[in-house]
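For reference, the structure discussed in these notes is given below.
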């Protein structure tokens, strides 16, 4: 019982259990349909005509497809921690950054190109700058005007996608250029998005480990006023968290756009803000801000992707999948809800008392 | 007596927001009349068309206002409308009558609202998260019911079709067209429903215990609890009311579109929230009323109407303009809040 | 049930995770008495009140109320109100966005025949209630437009109007000035005449002796005893609360010393903050303890906040160590060797979800900057040192600060500033709401710091406490510095200066 309690209080308990559950569903499904029960875990090398030798397997697919969510989850974790609110604009900002980049790469009004109008670097930089600008906009509203995060980001949630469409002249801009497509394709046998995600995670972890940023952000998230009196610049830190969130949204936008070598303003990053928020919650972080656990969010992100992939494998269409995600969200938040926990405690206490009486 | 003078000033900051909203609507509409007078913008019917198009949104905005008064938010409304429309369309296609389907949709709205309200009120989960899940659920459910677009034609349901095309003549404000024929201005039944909802909610908020308790909960939840109000139940009722009004709005919406599809009413929650905010409802709860939200809807409607009348502007402009307005009003609200806290000297 | 007894609680017990908050506590309230509930912080007063009002769910014991058969167990404040128990808390529990009248009547509004709210009738009744209590307000105005004191009075008016048998006042006086307290006492005595039993919780001993008939004392969650007021003089009361004879506070007394020759630590000229403090000059020498006297709202906290940059000064200049400095926010002040312990511990002091260790090193880390992180070993060393130095009672340095008692939380904040080795420390009400034992420790610490050559600006509502520790006192009234007292510091001279009107 004691060890069980210890395990339960482990910060990564929730995300890991969720991940294991998803894997179990896959194994059972594979076994039931007569394929190798462990096919979920199989990784193999395959030769393809387009990309040469590449890694292949469902796990690789999940980690690859989950890149955008994982990248977004990093920024979202910081925002949730610092401001006790969520940035719901990340999906739209992804789309805006992708549109802006593709517009720059293709030239305004061009709907399809194979040659780049400006060097790739400039295009990427444009996306990053756009992400930072959006982050700064959100950050200013939240940190300096003290507007509720969800409401402040609601503005870009609805406007960013529309602005992206405007930049692209209402077109889907295709940039069919190999150097651009590379970002969403393969580096040797490994999908490039996986590498990009890994770099992002490593850089952020190093920053959190080697500087006091982590403690600063948590402190501000728990009590901004007290943090200010203790010498922290609460506003700057919240602002910074939103800037970082914008930056990661831009990176995710670049990856998403490169995968499809186009800027599809209406569909890039659609509903991804939900997945990112869900990752943070699933990672065992309180959406009420304060303490955070980045590793949890990352595992959470891949768990979400695993759920999505599993649902598709089970034959649920992509427009029906939200039903299941909704049920999962509700289950997680209900389990985590303090009143529910108190209820369970009371139940188990009552049961213990009943046992005591019988004995 | 200086205290009294002070209080007059700050009371006004709330009514001020409402006045700004009404003034903004008048300016926008007048601007539209001046710029597009030749395209019929000056006709009374243009104004009525804004009402007709936004009848559903008016109902939803009323519900949203109630939820926002408690300091919450309900972003599931757009998806719930899509689910309602799909249910109506598929149900009638299967041969069920219009009336039973409407009752079913309203019941589903209530049940759905109770569920969301239970999670927010009794389990104390953040409203945004709950309604986000609600939105996912409804949107997905719409696809589970049917993935195709289903139209409600005259053959499927003559009753519903008749309602959709019924005209309620307005006895004034008509004009004689260039052929010398008198064009009587009209609205659709949906508008009548929406206006009844508007008036009912206005009265409920002002004159009933439940209405005032919404303000109390939004003003200070812990205080409301200390004063003996059942905060959990009140919150649950607020969400129930929102989903119920949203279902009424869904029926009005369906009367306009006469179809159900998965992507229907996407972003409608944004319109409802921005209408409420533009109408002076504070996002922190406790302040606001449905009259303001009504004008918020009219402002949103006027913007899309102007963009549509112009015909050359990109379709994304209404979205951007609404967001810009939302931005302006949120900033004004926060400035008012700063001013007020300066006035009372709180830090 | 004994005659005249309105409420009895017997053997109330309750545990919070890891702590026995109440252990077999008894309480008896008789008709028409004012009953003080006394105890140090952590004695269980609030917990007991919460058990009575249904916020806490006690595990053992029973509560009986006159006129109700069998034990009563409330599950919400609403239940409590139904059995006649009303409560007014320290923080005003009303809705600022509603009118005064609505605040009085919400949840029990008079209805018209149509089951709608009868606004007219409750506005009229409200005005009558407030007039009777001698509070001049326009009841149709929103509550947020009135001062905290008026809001507190409205809260009491509401409780009184609920026709309660038992009125619980949980530290209602902490945000009121003397006049308002007196008004409140008149109100309380009037209610006693009407037969209401009042349970009164306060930290101010004088107030207990001014209005109460009986005292129940709690200590460490246990019941110490119930005494008629005449049988329990102050010294005995304090002894009962602390469980030991009072450590002789009078021992702490600074020797008088002339500081005018000492170098200047802080020199403010014409500093002001719109709406809170009018321009003031203030000099503080090295090793000097300067007190700020004044009523709540006189601008005493605001003056300190202005120097520290918690509220940015809008006019004037500030010199630290003889050099002019520009302070825009707290970190600037910290870099000049300042530290400030704010008056509102919960809102501006503790970072509730961080550990004691993190709370202690926070200011030091902020001073070093984000990129020069203290290593874990350094952090632990500092935490251990200060837990030892200021004697923080905590299970471990990794315990979350929110799990500590109020006094220990305050010590952690103090440790946070000591760790930055400040030259000038502002202590705003460091002893408010904490027990007498910790109080005297903090006072001793202030004197010790001054002995080490540090300057201290000390703000407290308790004049005695400042007399004991300060070398000099600055008097504030209506946001203005009205005087300075450096010799002949006595209760009388300070009171006179604070009250003003001698001119």
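Observations, loosely collected:
Per-chain residue numbering starts at 1, and chain names A, B and C are given in the order in which the chains are listed.
Heads up, the rule we're going with is that a residue touches a chain if its C-beta (ideal position, glycine included) is under 8 Å from a C-beta of that chain, and two chains touch if they have at least 3 such contacts.
Bear in mind the structure is a predicted one, so any value in this text is a computation, not a measurement.
Distances between chain centres, each the mean of the C-alpha atoms, put C farthest from chain B. In terms of C-beta pairs in contact, the better-connected of the chain pairs B-C and A-B is A-B.
Averaged C-alpha coordinates put the centre of chain B at 45 Å from the centre of chain C.
Chain centres here are Cα means. That of chain A falls 31 Å from that of chain B.
By the touch rule above, chain A contacts chain C in their complex via residues 210-213, 215-216, 218-219, 222-223, 225-233, 290-291. Interface of chain C with chain B (complex): residues 76-78, 81, 87, 89, 92-98, 102-103, 106-109, 111, 115-117, 119, 137-138, 141-142, 144-146, 158, 275-276, 305, 311. Residues of chain B that touch chain A in their complex: 73, 119, 122-126, 128-130, 132-137, 139-141, 143-144, 147, 262, 267, 270, 273-274, 277, 283-284, 314-317, 319-320, 322-324, 326-327, 330-331, 334-335, 337.
The touching residues of chain C, counted against chain A in their complex, run 310, 329-331, 334, 340, 342, 347-354, 358, 362-363, 365-374, 416. Touching chain C in their complex are the following residues of chain B: 3-4, 6-7, 10-11, 203, 207-209, 212-213, 215-216, 218-220, 222-230, 286-287, 340, 342, 344-345, 347.
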